[in-house]
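Structures given as structure tokens follow.
Shared between the two complexes below is chain A, which has chain B as its partner in the first and chain C in the second.
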Partner chain A sequence: MSGAASVIAFLETTSAQFPAPIAADTVIIESGLLDSQALFQLSLWIEDQIGAPLSLESLDIAADWNTPEAVARFIARARGQL
Partner chain B sequence: MSAPGYEIVPYRPEFAEAVARLHSTLNPLDDPLLSARYLQWKYEENPWLPERLMYVALCDGEPVAMRGAFGSLWEMGPDLQVLPCLADLVVAPEHRDRGLFTQIMRPLTAALIDRGFPYALNLSAAPVTAMAGLAQGFKSIASVDQWGGGGIRPPTSRTRLFQRIDLEDEPGPDAMAALIEEIGGVGPVRHRRDHAFFSWRYRNPLSRYRFLHSRNRFTGRLDGYLVVMDRDDDVVWIMDWEARDTRIAGDLLDAALRVAGPRYLLGWTFGIAESYRQLLVSRGFEQSAQGFGVENMGIRVMAKSLAGARLHYPDSNTPSIFSAGNWDYRLVYADCF
Partner chain C sequence: MLFEPVTGALSEPLTGRHWDAGEIRRKIAARGAHLDGQGLAKGDRVFIHYGNSLEFFVDLMAVWMQGGCAVPIDARLTAFEIETLAKAARPAVALINDATDTSILAVLEAVGAKRVKLEDAPATDPGLRSGRIHLDDPALILFTSGTTGDPKGVVHTHRSLRARWTSLRDSLGKDVYRRTLCMLPTHFGHGLICNALFPWLSGNDLFILPPFRPDFVANLGTLVDTHEITAMSSVPTVWNLALRMARPPQKGTLQRIHCGSAPLTKAMWEQVSDWAGGARVLNTYGITETGSWVAGPVGDDIEPEDGLVGRPFGAVIKITRQTEDETAEPELCATGEAGMIWLNTPALMAGYFERDDLTAKAVRDGWFMTGDIGMFDERGVLYLRGRERDEINKGGMKVYPSDVDGVAIQCPGIADACAFAVEDRLYGQDVGLAVVMEGASLDDLKAFLGAKLAKHQMPVRYFVTDDIPRTSRGKINRDHVAKACLELAT
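Coming up: the complex of A and B.
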């Protein structure tokens, strides 16, 4: 499963209610599709994926997690794969 | 874009009853009348922004979510700045995870920009709200340090020739403001603690405060105070603590331990003066370990720059609000107690 596909697969397990299927380029943050509880669930999952705690002081969620593709890139970067 | 069925509107007086019912899920007694009084106090009676600056999500005409911003007055070095603090986020359980937080924040943020505020604050963001705030462009300044201690019997203070400590139910805003005016504070970014603040802040109808005042026996001058919030449960909270010198501060802390009795005495802070930190440590207080990552993020203080605000931003000589090292943060600044 590609990075973006695994992000989408996870998002579908969260409490968020999406009006339409999510694609790799679906805007999930600026659109407000993902906020509050589901966003918190995503951040815990991202920490699991990168195996390290997120640094909240340097996190720019709107830029780094705005689409599933962007989330996948963020995870890859954090793992040192890019 | 609103999700189907939702309309996001500014607060209107005809929503008062429904909004109080919604808010009562946050108040410890789950009492809508108490919530109505609380919201009246916090918004309409606010000294710096006396209006109900709040947006409400309606579903079939009924409020199902809300978010407000109340006024606060900050000293930032030599400058004084009224800043809005985001608060009172409630989404009814059956309407959660539908993007209402983001949808309410958009017009609320636009209203703050329209009023010319340079920054918005969140002074006690719990983890879920903090993550949502980060997604809205807020920056995390710091997580608060929680100090806890108590359940001990402090030694009876030696009789002080010149000092006495009184336990009172009223704040005494004039004397408290005069003391702060004289002794100042630690960091350059702090809430203005003047007569207006002390008069307003301790009228919060959801909390019960008790005031330990250290006074000169002969002149009656206030030389220190320690305020606790006591809801007759297992924990007593230190709201604020100031004194002319460390000896008086220590006596006030001992008096607070006696007020707490077998209960736990807790306080939130960051930027605390080293002499006060040593007083806490010497009485057996411990600082909760700072966790890492999202799950252990604790309570956060956050700020957002409101790009496009009409008023001038503080100039480059003004201490940055985004730097934790500039802050002198106390629990009394947060709105949760």
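Coming up: the complex of A and C.
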């Protein structure tokens, strides 16, 4: 499963309600699609994926997590894979 | 003049829109003139079906200047819930905007509310219509429960609201609130009366965000810096998110953070203090019926502690022993002894809207029974020790279990239901529902509830059971049902 596909698979297990199937480029943050609970769950999941707490000094979720694709890139970068 | 709003400016960080005090005054007059032209009479109730915007605050003032009673409505409620509230409150006018859904418009029309989209009209009376207002007129109705049946609306008068704002200015000052951020919903007491109107009607500037936007919470430090915010209020859920995701502010403008509507732990209190880099964190206790904030940790002798509330703002607090006999005069508790918390304040509501029976139960000889359990220490500092009220506190949003199971049992194929609180890592509590099925599927039930309940009231956990036990008097013991369901599920 690609990075973006695993992000999508995870998002579908959260409390967020998506009016249509989400794609790799679906805007999930600025559109307000993710509610507080889903965003909270996503943050925990990302920490699990990168194996470390989020670094608040550099985190900008509107830029870094705005789409499943962006979240996958964020995780890969944090793992040192980019 | 009896009522002449002296406001600060309003800004929306999301849109960049900004109205200064002069423009606000002109708009109150102009939009009030439009409202007047729609035939609004003194004492009419006015639904406001939008919030957290420049227009909301100006239109609230316009309603008041015209002698109306404002009823801010949660725009997330379903058409069914709004119909329930509208049938109870019988608004003469409903203020709507472009976002108001057609199903809501239909409901408002059906109950006879005149639907008005306010615009600026030429004001014939630039001095506003403050002569229409009497201090003891109903100013505000906030519905705290019963959106699915049996609504409970807290009625505040201009007098009770002013009493709250005066006591807050005396206890907390006003200058520290000169640039206040409001990210709480404006249809509930904490957000509207204290976070927003108290600073704004003290002449301070108010920065308004849409409520429940997690991306703004995750960007809180930047927002505080960009707009040089000096004060804000919040609920613990905001900090569950912000402490995980938001970098701390760096400009040092933030001086005061209120946190209320749900318990703030010592650990979170200290983390918020650290995050805020020197801002004073006030764990603030409030109830809509008393104009919200009624006590907080003021004084140099107070350090964060679990359950610590602090000292009263413009209120007298007494704590009494629980008694089975409701007619007996309750005995006062000794220092350090936990009991029922009662409040006496000039900011007390006039009563529950057209529900004298509920008012008589809650208010005795001017004392409001909070339903909370607490104690005083030897300094006279109040601590909360629990809650008697039957409610689910979802991160500060109160969900009444009877609102949820009252709808669930109307679902065809459901024999019985009982809603209760389940633990949640983000919100502290969320909604669980035990159901006895009689032909319906869980999907049927979820679809039925989804059409009638607002999203924040929807159960997140379902427990299918054969029976929901009741007491000999036919009442449900929700704690027992919850315990049994959670034990079976683990």
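Note that the second predicted complex is superposed on the first by the 82 of 82 C-alpha atoms of A that agree within 3 Å, B and C clash if a C-alpha of one lies under 4 Å from a C-alpha of the other, contacts with A are read in each partner's own complex, and residues count from 1 in each chain.
Just so it is clear, contacts are C-beta pairs under 8 Å (C-beta built on N, C-alpha and C of every residue); 3 or more make two chains touch, one makes a residue touch a chain.
Everything quoted here is computed from the prediction, not taken from an experiment.
Once the two complexes are laid over each other on the shared chain, residue contacts for A:33 go to chain B alone; chain C is not touched.
Using the contact criterion defined above for the overlaid structures, shared-chain residue A:54 touches chain B and also reaches chain C. When the shared chain is aligned, no partner comes close enough to touch A:13: not chain B, not chain C.
For chain A, the partner with contacts to more residues, out of chain B and chain C, is B. In the superposed model, A:43 makes contact with both chain B and chain C. Overlap of the chain B and chain C contact sets on chain A: residues 15, 17, 29, 32, 34-37, 39-40, 43, 54, 56-57, 59-62. By the touch criterion given at the top, residues 212-215, 217-219, 221, 237, 240-241, 244-248, 395, 424-427, 455, 460 of chain C touch chain A in their complex.
Interface of chain A with chain C (complex): residues 15, 17, 29-30, 32, 34-37, 39-40, 43, 54, 56-57, 59-62. By the touch criterion stated above, chain A contacts chain B in their complex at residues 14-17, 19, 29, 31-40, 43-44, 47, 52-54, 56-57, 59-62, 65. Only residues 1, 3, 91, 96-103, 127-132, 134-137, 139-140, 292-297, 300 of chain B touch chain A when the two sit together in their complex.
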